[in-house]
Amino acid sequence: MNKLERKKVEIPISTVYRELETHSLKKVFIESAKLIRAEIFETTPADLINALNLIVEGTHANEILSSIQDAPKKLENWLQQHTTKWDPTLGNKNIQTAEQAKFGITYCDQALAESGTVVLLNENNKGRSVSLLPEIHIVLILANTIVPRLQESMRKLHERIKEGKGVPSCINYITGPSNSADIESYLVVGVHGPLRTIYVIIEEEA
Amino acid sequence: MRVTLFSTCLIDLFQPSAGIATVELLEKLGCKIDYPTGQICCGQPAYNSGYLNEAKPAMIHLLETFQHAEYIVTPSGSCAVMLKEYAHIFQDDPKWSKIAKSVADKTYELTQFIVHVLGVTKIDTSLPGTAVFHTSCHMTRLLGVREEPKQLLDQVADLTMKPLKGADQCCGFGGTFSVKMGDISAEMVKEKVSNIVNANVDYLIGADCACLMNIGGRLSRENQPVQVLHIAEVLNRGMEG
Amino acid sequence: MSIKIKAGPFKKRMTAELKNDFMRKAVSGAQDGLGARRNLATEQLGEWEKWREAGQEIRQHTVNNLAHYLEQFSEQVTKSGGHVYFAKDDQEATRYIQEVVQKKNAKKIVKAKSMVTEEIGLNAALESIGCEVVETDLGEFILQVDDHDPPSHIVVPALHKKKEQIRDVFVKKLGYTKSADPDELAKHARYTLREKFLQADVGITGCNFGVAESGTICLVTNEGNARLVTTIPKTQITVMGMERLVPTFEDLDVMVSLLTRAAVGQRITSYVTLLTGPKKQQEVDGPEELHVVIVDNGRSKILGTDFQEILQCIRCGACLNVCPVYRHIGGHAYGSIYPGPVGAVLTPLLDGYEDHKDLPYASTLCGACTDVCPVKIPLHGLLLKHRQVIVETEGKAPISERLMMKAFGFGASTNSVYTGGSKIAAVSLKMLLKNKQMISNGPGLLKEWTNSRDFPTPKQSRFRDWMKDHEEAKSHE
């Protein structure tokens, strides 16, 4: 197909970059996440298991669905013991599990400081349902995956296309729990998606 | 400085006092006023109703009348916008495109002229009391004159300007809209008047006679004790008034 | 439902809506609330004007090269395993979708909110072949349950409804037993609809943006229903207006940034979902089959005309949220699924002037819509253009008005006529005065004015008379 000549569009500069001159990506991300009613836990790799235990305390492994690939050993052990893992060989059974689950645990591939958004690239069969059907969505966020805004994330997708790599069949930008203002402009939190969203931000101690 | 005044048909028929104040004010500021008596109407009522062909004779008549002016000043944001629009309306017209462009370029709304051409931001005048300013839609959105009237009014001695809720909202005039869609127009002006009344002020000041006639008409119907003034009338009062 | 939602003359609908106090309060409250949120969000982003310019540039470029990007987009959808169908009108679109559904032997269909599916009357078409079609957006669901009440806003479709009305409908139709509390109502909808999602054979969505470089469908939502619609059913059908493309993901960043702020004052919505093709073979959830139906339905006729800029629209609804006319008459009065300024421009283009010739006049041309539009569509200019077409090409203006305007053209260009006329006007209007400065009960058209406000009487001495004296006095100085 013919290439079209096109003038480059100047993308304006969001104020988030100014904010980032004095604040860390993590700090800005947390401030944004608070605004969209995400619940926030800050932890370290060493303390992650404690944090997770605290969050899911008393919930049976049947009611916790997880889909985390290439987890570090300690986390992997915990997931084995305390959660039901998304298992492609079980096919549609996974969706049933997700529907019954109280918690769904995922990793995010990227996070956006400006909006408090987590980015889930649903490839390699991570499962779209894990972040959607359970009542509560727990996202593990590595602090070093936080970028300033949507722009960096979309640029990466654009580069993937240019390099001929293609993009995942589903990419989710998730920003807090689901909500609606369809009844008398009153904000209802928790409609079709999760009723609560918990961000667990993991960073090495300085 | 020589200034050619476009007084507008509304002022001519209904609000001569605003025209008089404009002339006296500009003269105080050192201008010499030309008033071509051939001027009638800018054509906006017909043009905005979709009657371009019917509006054109009025427009051409004004172009003929004003083509030799140095500065065209009008105490109406909306009419100033219309004169500026001539540049687009006649852009493909071999006879009038150049003249239309030049008329558009030298047209100024009154406060715009005072602030930007005369370079005056403070006029010695006083008006004891409180007021709100009605920001007319065409003047602010289409002409881009937002700050100039406020700048001038802030300097008026003894006058306290108050904020107006829903200030950006149209008063419901809209030319023939006010009679074509009279019921909707009525609801709009009622809301505007209720916001003005709630601001609890002595004066409503504006820079467009059409809006003032609309809002004033509703204030009068409700017997509200708010006096309606064109900004020229405020700025022309002098210190003793 | 098709693009028309209410029959009868505009004036009648408008008069009825003006009496609907709840609706008017709801609309003005929503306008004020959304407006404040939009202003805050755009301010926080910074350089809003530059963002608008960037958005305008992207959309203009896309619309100018629509054939190119449609080709690229459909090539990419196909490459990623989806099927593309170009529908020239509503009939072709609904027929194709009926065929897909029948081939799948599907009976249960869930839908995410989509204006274009309303435009083509998809629900009725699917119901006519025996399918159950469930709207899953909370607002749309409420309207559907309430015997297909039409939407009154393109983003907040049930804006005109009271929570008590919703409760009554839920009680009657869904066996609901609780209060009118929005949280409880929403929870009931959640559980009712969860069942529907889990049983659905086909999911239908609209499309906020199609990304040409990858064939990606972008859905921008808050409730999560569009995610469910594209996660559980085995077949996904996405219906897209043919102009809804952006060239690349970099452009998509700008458009999403503009859309969520302009529409609801959010930095981003809860869910922005990018779908490229059906699910991959080894993947568990997501559709096995994807159909993208690209709908023309009158859009290509707009290309190359004075109205082309309306195709830049991204359906954010910001123009509704600032329009002082929409504020008072609400969405239903427009008689179209596209209300407000954008609807008044778009509806006559898609559905003809005959039934919608009043819409372009339902505006004071105040320009608030043009000012707020995130892609800089000159909305009020296009309304004015419609008026010119109605008067000059279509010949649909009332004869009395035409004669009046002819007289205007003559009077406003001929000095002797104006001078005489303005004196006569002064005298005749004076006769309406009863020892007052203002006229409170005028005849004819003036009555439309004096129904609600007084009209000033022309002054005895016109400004030009004073000016003549003034100039004479000056010359003697």
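A, B and C label the chains in the order they appear, each numbered from 1.
Simple rule for what comes next: a residue touches a chain if its C-beta (ideal position, glycine included) is under 8 Å from a C-beta of that chain, and two chains touch if they have at least 3 such contacts.
In this text the structure is predicted, and so the values were computed from the model without any measurement.
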Between chain A and chain B, the fewest steps along chains that touch one another: 2
Chain centroid nearest the full-protein CA centroid: C
Distance from chain B to chain A - Cα centre to Cα centre, in angstrom: 55
Mean-CA-position distance for chain C and chain B (Å): 32
Footprint of chain A on chain C - complex, ascending: 26, 29-30, 33, 44-47, 50-51, 54, 57-58, 61, 65, 68, 71-72, 75, 80, 136-139, 142, 156-159, 161-163, 166, 182-183, 185-187, 189-190, 193-194, 197-198, 213-214, 216, 222-225, 227-228, 230-232, 247-254, 256-257, 264, 267-280, 282-286
In the complex, chain C residues that touch chain B: 14-15, 18, 324-325, 327-329, 360-368, 370-371, 384, 386-392, 397, 401-402, 405-406, 408-415, 418, 422, 425-426, 437-438, 440, 445-449, 451-459, 461-464, 466-468, 470-471
In the complex, chain A residues that touch chain C: 1-2, 4, 6-7, 9-15, 18, 32, 36, 86, 88, 91-92, 94-95, 99, 112, 114-117, 122-123, 125, 127-129, 132, 150-151, 153-155, 157-158, 161, 166-186, 188, 190-194
Chain B residues touching chain C - in the complex, by the definition given at the top: 7, 9, 11-16, 19-20, 23, 35, 37-38, 40-41, 43, 45-46, 48-58, 60-61, 137-138, 141-142, 168-170, 172-175, 177-191, 213-214, 216-218, 220-221
